[in-house]
Amino acid sequence: MIRVFDQGIEGAGLFMIEFGDIVPYFSVYTATLFTFAIIFTLLATFSIPEKQMDIIFGGDAYYAKEIKPQDLRFQRFVAIACGTATLGAVVTGDIFNFTLFAAMIGITNIGIVASSRSHHVLNAAYQYGIVAMIACVPLFGGAAMILATTGTLSIWSLAGIGAAPILAKILLLLGVMGEGMAPFYIGKAEITRAQGAPFILMVHVSSLLLFLRVVEIILVI
Amino acid sequence: MIRRLSHILSDFDKLSQIYAVLVIIVIIGGILTIPSLEYQADRLYPKTIHPESPLDPYDRGGTPFEKTEVLAEYPENSPYLGYVTAYLTPFSLALATLTHHVGTTIVAHPGGIIDEILYNTRGLDTVVETSILFVAFGVASFLFLRRDEE
Amino acid sequence: MTPEFIIGLGLILLGTVSVAWASPKDYLTRLINLEIPAFGLLLVMLSFDEMLALLTFIAVSTVSTFIFVRVIGKREGVN
Amino acid sequence: MIEYLLSAMILGLLLHGIHRKVIARVQGRPGPPIWQELLHTLKFLFKETWIPKTASQGLYVGVVALALAIWSAALILLLTGGSLLLLFALYLIHKIIEHGTGLSSGSQYSKFGAIRSVISAASELPLLASVALLYLFTGSLMISDIEAYQVINGPLLIPAFPAAIALYMVILSKIHYGPFSIIEAKELVSGYWTEHFGVWRGLLNAAFGLKTFVLLYTFVMVFIGPIGLPLTLLAILILMITLSFVCAVTPMLSPYDSVSIQTVTTGLIAIYIIYLGVFA
Amino acid sequence: MISIYQSGLIAAFICIIIAFISLYQETDDLHRLILTDLTEIMALLLIALIATDLAEALILPGLVVMIAELMALAEIYLVKEGIQRKKNSSALDIEVMQTAPPILAGILVLYGIILSGFSGGAVAGLGIIFYSVCKGSDELFAQIETASGYAWVAWIAAFFIFLLLPGQWFFAVMIAGGAILIKVMAKFSLIGTMGGDPGV
């Protein structure tokens, strides 16, 4: 059971929590990610959003935009959900569970910007949402192939034996990229134009931590 | 060349197209590796079909109200593993004695292998799953309810 | 390999092609053609005796059809 | 540990100064004295400070603290020989700091800086590729293991040359005035940290000095190996000067060109990794 | 000789390639949304090929994820296109829709309650959707949402009973089965309410 931590990838193991077949674990690495996820979730929970200075196109005027209270409440709710999903994704010890958390991050990311009233931002969110949806194919497909070819989904059992097919690993990586990572960052960049810094920041935090986590999983299994 | 690439990357309407190309490349490469993929699905929750049982296709043996053998990843983490599977509500027990053709109905009613997996050994999956539903419907209904005020 | 499995795979392949290159290419045709691969998937699930998944898939795909019909209805209402 | 942190910070700020000096000399200007950045930082630390009214206050202050925290953690990680993957993680979290710094103030300039920082996330891909390549060679990502490997097998710089290029590019993208520094381009005033002034600016400056030192130190440690403190410092200095030369003679790329170049580099390294994995 | 799994995999991969090629060619946003529904079938096929009990347990979450994302995206699409308040075109006005609903809805809900669990919720929800799409009602929205919120909390509580007090598994199964039923049914019936009368 200790093979996970013996590969010189993520440092010593700290402790684990047993949820039946799904055993989340905290190593130095995942615990660090977990800490950052908590910090940013707390920031999203407790800090008020900035008042964005807005330029009116075609003129010289600018003014400080306010967010309507109900939009704010909604954004905060989704941001916290996103933080929770990130917390789960960085510590879970089961591949399918991880993909579910990844899918949840994808949907909350769209949700955070969904309350924006700008057509441009909504359009970006929609395009990104399409990618997040089709990313379910490589994501779930990769997990399913790992299960079918090795007979298990637990990272603990898979660690270090190199049984997981490379194709499944690449699919998993591709899936996570679709749920929100680098080359597709352009969608994110446009999303960033929406208002509500602490919440928008959650979009990036979640996708980066998710990416870091999937790198660890791919190296370990 | 680089300028053209930049142009594609900077247009978010092309987002799903870029992604589609990536997936297609990986999958085409993946088809070549299929012969090396061995099927190995008898380690976790393998199924046995008893066509003559009233619980078909979900009869996994064991006697009702007692323990059933279930092959889980970490049996030591679920001390009551197998109890849910063998459990049948009085209603489903009655249904089972009546007819041979509603096995799925009976097992979908609380108590059955799927419940064992969904609620007990892989309960965290279901927590995430219901949370996804919760959030997604939150988003949709927020947008839906907001339509009146504009 | 049971007949259900082979027919199911065939239907999925056929259905994918018919959705991907639907003719005439409008929303409703695609939506209706979508039922072909869905039915193929049902047959595959049937061949593996996955009754519960099958039942849920029927219910969920009906719901998604409702969603699509609603969106398409509004969309067509514009034109 | 605190003395290591402080000296690394001061060295990093000095390196920034040298950087500016070299660029100036290459371009035929006298340039500022090399301790200029150090003085800057000290000056900022004693200025009057408040939080802008439009800012998201928790975030505005939080990112500064986080910036200091992650780079201190990174230095400690390096000194104790922890996991390279964790260092990679800390580096990525620096990205979040950039977003947070830019987004929190509510100003348009810093916001555009943040958006560009989101776009330039592609700069992380070369780093990932180089980490993967290193893992292929050493079979471990612990910095202590990598050092031990180099003591036996000689510097990794030669066999893992593409990884070294990738890491070099990553460092280049984080250095001021570089071709990839689109997030600090002059049309955005000073980019994502335009709105952080006074003590906040001083602290960020200090954190970024630490960052420069840590990144260069990582390069030397991972690709050249343990060669003793004076030689290490010399290597860092040489590396910095080469970086300055590159910065001095290259124009700043437009945002998406920089993304494309980084993506292409990653693709090439990925092909090299596949080649190594399959044929060697 | 290739095994069942491998032949299924080959078919799935070919389908994925076809689906993604057509996704690549597509530029209309709504067509893209419909094609995501096609790719969803591929994902489910890959899971279904595992063919154990675990496969079924994984298909259910997979289905949920898809339908949830579809739901949210469809709504974003409407907002983005600014056609949210538009009256539905008469795609659903068929004679049968006026007479069949109560009986059919009744049967589906009843069967769903017998099934319980996620499948039951989906079936029963389908019944309610069908009813409200045909009859049209909007005022129930808030109540249904509240009910499903409580059901969600009940399900989480059941999960923790399983973890912390495994001896009470029977109690937990009952809560979980019932709560998921209510929750899924409620969520699905909201779709019907939304579709029913957008003009309000």
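For clarity, chains are labelled A, B, C, D and E in written order, and residue numbers in each chain start from 1.
In this section, a contact is a pair of C-beta atoms (placed from the backbone, for glycine too) under 8 Å apart; a residue touches a chain by one contact, two chains touch by 3 or more.
Predicted model only: the values in this text are computed from it and were never measured.
Considering the contact criterion stated above, the chains in touch with chain A and with chain B alike are D, E. Under the touch definition stated at the top, chain B and chain E share these contacting partners: A, C.
Distance between Cα centroids is largest for the pairing of chain C with D.
Contact tally for A-E versus C-E: the pair with more C-beta pairs in contact is C-E. Of all the chains shown, the one with its CA centroid nearest the global CA centroid is A. Once the centre of each chain is set as its mean CA position, chain B and chain C turn out to be 19 Å apart.
Separating the CA-averaged centres of chain B and chain D is a span of 43 Å.
Work out the mean CA point of chain C and of chain D, and you get 50 Å between them. Chain A and chain D have CA centres that are 24 Å apart.
For chain B, the set of residues that touch two or more other chains comprises 9-10, 13, 16, 20, 23, 30, 37, 39, 41-42, 44, 47, 78, 108, 114, 120, 122-125, 128-129, 131-132, 135-136, 139, 143.
With touch defined as above, residues shared between interfaces to two or more other chains in chain E number as follows: 4-5, 9, 12, 14, 16, 20-21, 23, 32-33, 35, 42, 44, 49-51, 54-56, 58, 60-61, 65-72, 74-79, 84, 115, 118-119, 162-163, 194. For chain C, the set of residues touching two or more other chains reads 52, 55.
All chain pairs that count as touching, in label order, are A-B, A-D, A-E, B-C, B-D, B-E, C-E. For chain D in complex with chain B, the touching residues are 254-257, 259-261, 263-264.
Listing the residues of chain D that touch chain A in their complex gives 53-60, 62, 66, 73, 82-83, 85-86, 88-90, 92-93, 95-96, 99-100, 103-108, 111, 114-116, 118-119, 121-122, 124-125, 128, 131-132, 135, 139-142, 145, 259, 263. In the complex of the two chains, the chain E residues touching chain A come out as 5, 9, 12, 16, 20, 23, 29, 32-33, 35-36, 39-40, 42-44, 46-47, 49-50, 54-55, 58, 61-62, 65-66, 68-70, 72-73, 75-77, 79-80, 82, 162-163. Interface residues of chain B, counted against chain D in their complex, comprise 2-3, 5-7, 9-10.
Residues of chain C touching chain E in their complex: 1, 5, 9, 12-13, 16-17, 19-21, 25, 27-28, 30-31, 34, 37-38, 41, 44-45, 48, 50, 52-53, 55-57, 59-60, 62-64, 66-78.
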